[in-house]
């Protein structure tokens, strides 16, 4: 069906649109169009015995989906995505089951009246992957939604059990090619549900994003498998797209979290305790950002205030920092430098370095002149400064820096904090609440390196 | 045939290898393996009535190809590639002809004993594109090899003739679906040979690279069309790859030469006289380079000597220039700055600026100390300097700068010359032979912009 | 359609997926997950076939349920994506 | 193989081509042209079929010539590419 | 609440302890300000500028009369304080170790003398720290003066007539003044190296793009040292340091010494033999000359030429940048007084238990009360 | 071939016309060199340094005796040249317009006087151009001295005690000296603007990162001007310029003037009224003071204080950087003589038709032969 090919191409274009925020909306519309084409084509090219029921099902499902998507809080997105995955998994299971029950409708009956062996494998794989996606996503959903403890639940002998179950599933699918007995089919389904559950249950909350994107990938492969069964181009293309997308995303996340992709795929993940923090004294949650994140957010910002400190001087990052500001300014972002009176280790330390890097004087502001602007700023970019942005100076009478005026960076919409480690403190040696704020992203790297990476990302 | 798919995938991997010089050799091996698989599969899966003849043909062709490729001077590469294209075109023509003469061997005979109409279109397109590729490539070859004048040959009414011929070809192919008469087939072939000739003959030598890659693209589409006829995955995939590759390359070249892709595709190209130069007083040939070229060559170099001049100061490019040197140094390239005693407009002009950009003093060399090193340098990177590298000071007694010591940049293996235009002269107002040297590439842009682009390219 | 062509399409699509996804800008990885979730419900095609076909009523009802589930996903997925992308609107200048 | 699957493969391959070629580093554009030239001689598959088949001797001879021409291209193309790539060897450090 | 601003009487002192800016700010706090005539002349501030800012300008007697707080740059002659309100504050750089006799006289006169140079090095007191603000300018000035005395140019210049090579500058002692000297010399294009005994300064030197030269085999002072101050070093260290310096200094064109140890004479860092190894025409600026000097043979306010090397040093370096130095000094005093300002009392109040009070208060109720002085 | 190097006798002249480096190079060419005792003292070059380089050191008479070429920085008193070989060359900065009488005396004495400041501004003569090499250093020195006299710091410093704002520096006349002044002031962290009458300098100012302030409504000198030199401007231009400067100068802390017109008194660029509009404590450095001064009231080698503004100017600025100035000056002379060195004759030969000869030769065979002097 040419239409299915077109629909597949539309899905490709949908993902392609995401290569830049500017085209992303258009991409999403391509996706919708592709889906519409696929649905309409299917209805048109088949004798539809039950249009009202189908319309009803679509209306009910669509309504629920639409309302949920509109209503849900942005912060609940992760569990919503997990829940949606479970639906795709379940749909795949149901379709495979229907195909098994009514093979002729799917045109997969061979001349001997039995289902084609190839199709049987495809069906088996489809239902197995679908079932894994379903039960895995349900667990992920429960954990993410907090309806189940996020802590990893470790069964004894789980590796043995997992491997055994997997082997059984594969064996049964193989055997299915020679014996089309229903029990095999249903056993595969049951075992797959089980293993989805077993695989995800031992994984801690911190690894959930990886799990969700793995499941995303699975749902794609399930769709592709059903596409093989149905000889449907749209499903094959889409399945491959979704499958690779999920796999790549998991890979990227693993790299960002410094975990081996293999160990995640092998299900051996999550055994370690789930802490995102490092050496900081109290284990408070904080977010790590990447150079790309910083680049993207700053590009989108109206105004960025840079707060340099001793770390910028140590890293000799002033030149590349100015470069970064230049690129941002070229992209229409207003950039200002906020210099604290005691930033660095000598009076005027930052001024010398910024002047060396040819930062124009009129972009450099002192504390009193700029402090009120943080409230309007989209981004506060703190680079190697620490004490001079520590709110403890305002609030904590016991702090050694109490009484020093500090920048109100906490008022900025987003805060990027460049330093090398969570452990390193400033001159005064005190922890900083800014690290743990909701809107803060820690950019942990040498200041020069980080600015270089951001400049790279800003220029794509 | 699974094997054909594998062969297609291997071809994809071959091109993928070219994404970096490090993997490019491996890529080429993938290409060879893909070809071997395709050939062996074909021989194995068909009843071969004439193995010895085939082996002979392969041996003869292969031998010629191998020897030519080994013997040819690197400078003759362009015409060789054009010649090779003509062979692919001719092969496509021959295969299509064979298919027309012996359709049953290709399995394209319908139940009515006639060739399937779809296959007829495919065959028609295949032979037409093949023929265009052939005659076009032959002309390109002759022009490039200097066996035919490189000047554009403009027929009167050529647009009308071209459009007419094209319309005739398409019309005949359409008519071919209803009437399988040989005359139609052969007329199409003849017209296609003709139009290939007509399309390329009016194009001047300077545009030949675009033509060659367009023909490359055509040869791909011809292969794809035959793949459709033969239902052969390898040919389809490869054809699509080659087709898009040629098209993209032509596009890139057009952009680099500042011509509209559409006008080239439409065959309206080449009407303008083919001069690469601009406002320079004498029309001597010179080469324009891109930031990517410069980045690549400098990355590959052992040693780069930077010669800054007044233009760097005007562009205030010192910071980004230092950045560029830093990136190169990180990649293991030795970078030195050569400062001419009168570079710039005041004594020590370059020193102030380089110091401002924190260029270490030990990378900065004066004329006497570094001039002998140009002979060993892989790259001389001249940025905004002009008079101080002008060899006329050594050779031309009438030149106003005669007698001034100058840098021997002409001794470097490759010279990159950054300035804004070919027209702009230096303080002394004289033309510079360095522009026109074989190893010189002009990087025409504002010095700061160019360095920024090079830095981007260096970091991919 | 024979198995080889399907496989070929599948393999090619995997390549396309690989390239397309790597070219997605990192900042849009979350919307990417949402949109792929949405489009993975093309499985609705299978569900529709099952639901449309006469023959086995069980199969038909399974199909109908699958249609409903997939619809949740389609509408929900695209809507969620649209909401996310709205946050990434290019600022006006 | 029906036309739709072939077309699907073709369309997917065009996408792959698009992405693969754009990811080629500009410095390797000349070798790219050479290697695509070489692989475009998969047309030899068609030539072999024509040459192998009995039936029409004319067709067979046309096929054989095509095989020879394509072979020139295959061997020549890959060899030229190899020569070009040898120039791009990463310098030793 | 009357605040008196004195004209400095010490020779060569051009600074003044209040600027029109701080006068205005004090008035905004509710104080009245009296400024002695011509107090600001050395810093390019005329009496009329003070009057415009709201101060009353008069002679010494009228200024001191009924004053609650007396501001000065250096400690005034105790005799001049006759006729003062008992319990009035005297806020200035009092040089308590060097002018011990005066401190006793202040105690006798019944004033509460507050020595600003004893301000503790704690974060909240940074804005009141006169040592930092003045040494910072001194570090800058030392380089400018060295450049002025030096018979060559600092930056590298490749010219048609040949190359002028960059001056090599060596900064010894990397406190506030030393860091600023590094920065200034680098700005002028010199090749800068620096040394100190505190290990924390190594990173600080590099953070200004200069090269750190450190004794390697003997341990110096770990980290910043107490409050950033150095102590007398062991003999072993001194030997190692002398060796290191000897090897390095012969290649230097400019040497700036800034090493101080609080409450002790400045350490001797450069010996005559080392000076002899330097090129004729080189310049040494001894910022510690007033505290005894880091350089053998340096004399305050004189250019001593030894072995062709010019040795320069001012007894009062910040006074050579009177305008800026006064502005910052005045701000330090204002920051101090306003930090302790009691709105209800309409005047500053120093809580006895405060760390700052304990550190800076020299005399109270007729007695010398400071720990460092009694120790 | 004997070359004589004289000790300078002009007051305040510390430079010397040969350095040990050029002495060595002359000897390599085959010349013998005699240096008057103590010739290099002002530039930190001892007699022994010359001797090590291969020169003979002696008194004036012994040095001049039989000398073929006499090198000097400034023109020597004609009386001192008694007993010279007739036809000997005198190579120095002879100030032909200012010291016309001397030139005539040289002619009478029979020497061939070559005025190095008349070196034409052509590419091949760049390395012989003493004006460039000396003005370059003057431009640097002017800023250093201005910084030394200025009571504030040049760079911006944001400190705990408040912000020191960057000095605003304005450079008037952007020749070689002006450009170097811009560069140096920028290095020190000042906010620099500059002006000139030649339109080509606009881009040059910006190439150093400073701001160009130009008269817009009246045309100045297009491009570089002849040989880079300016001429007297029209009255209309002068009025427009004065207006522009008045508006700008009141905001400046540092003004450096460098404007010269060859053969004429320096143009007046800053009037007393304009000085009065400046802040007290500002500094003006008049580099043209010896040529009559760009600034009203400027006096050579004195710090004049007018309206609280310090006006500084040296009669001989390069002499304050004697070591580097001498090194470059000596190289200029060597580059000149060696360029015309005739290997066979074993001495330099000036072809009569050469552009350089025509430009710099003042006297020959008892007559004044220079065009610019006879005109």
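We call the chains A, B, C, D, E and F, going by the order they appear; numbering starts again at 1 in every chain.
What we mean here is this: a residue touches a chain if its C-beta (ideal position, glycine included) is under 8 Å from a C-beta of that chain, and two chains touch if they have at least 3 such contacts.
These numbers come from a predicted model, not from an experiment.
Participant: Pick the pair with more C-beta contacts: A-F or A-C?
Facilitator: More C-beta contacts join the chains of A-C.
Participant: For chain B versus chain E, what separation do you get between their C-alpha means, in angstrom?
Facilitator: Chain centroid spacing, chain B to chain E, equals 68 Å.
Participant: Using mean C-alpha positions as chain centres, tell me how far chain B is from chain D in Å, no decimals.
Facilitator: The computed centroid separation for chain B versus chain D comes out at 17 Å.
Participant: Can you work out the whole-Å distance between the CA centroids of chain A and chain D?
Facilitator: Result: the chain centres lie 40 Å from each other.
Participant: Using mean CA coordinates as chain centres, what's the chain D-chain F distance in Å?
Facilitator: Comparing mean C-alpha positions, chain F is 72 Å from chain D.
Participant: Check each residue of chain B and list the ones that touch at least two other chains.
Facilitator: Only 8, 12, 233, 237, 316, 341-342, 347-348, 352, 355-356, 358 qualify.
Participant: Where in chain D do residues touch at least two different other chains?
Facilitator: Where chain D meets two or more other chains at a single residue, that happens at 1, 4-6, 8-9, 12-13, 15-16, 20, 23.
Participant: Could you check chain E for residues that touch two or more other chains and list them?
Facilitator: Expected reply: 126-127, 132-133, 136, 155, 157, 159-162, 164, 187, 189, 209.
Participant: If two chains touch, include that pair; go through all of them.
Facilitator: The set of touching chain pairs is A-B, A-C, A-D, A-E, A-F, B-C, B-D, B-E, B-F, C-D, E-F.
Participant: Sort out for me which residues of chain F touch chain A in the complex.
Facilitator: 155-164, 166, 189, 191, 209
Participant: Under the touch definition given earlier, write down the residues of chain F that touch chain B in their complex.
Facilitator: 122-124, 126-127, 132-133, 136, 176, 179-180, 183, 186-187, 203-204, 206-209, 339
Participant: Which residues of chain F touch chain E in the complex?
Facilitator: These residues of chain F touch chain E: 14, 43-44, 46, 126-127, 129, 132-133, 136-137, 140-141, 144-145, 147-148, 151-153, 155, 157, 159-162, 164, 184, 187-189, 280-281, 308, 320-324, 327-329, 331-332, 335.
Participant: Which positions of chain B touch chain F when the two form their complex?
Facilitator: 310, 313-314, 316, 341-342, 344-349, 352-353, 355-356, 387, 393, 400-404, 428
Participant: If we count contacts the way the header does, which residues on chain B are in touch with chain C in the complex?
Facilitator: Answer in residue numbers: 1-2, 5, 8-9, 12, 233, 237.
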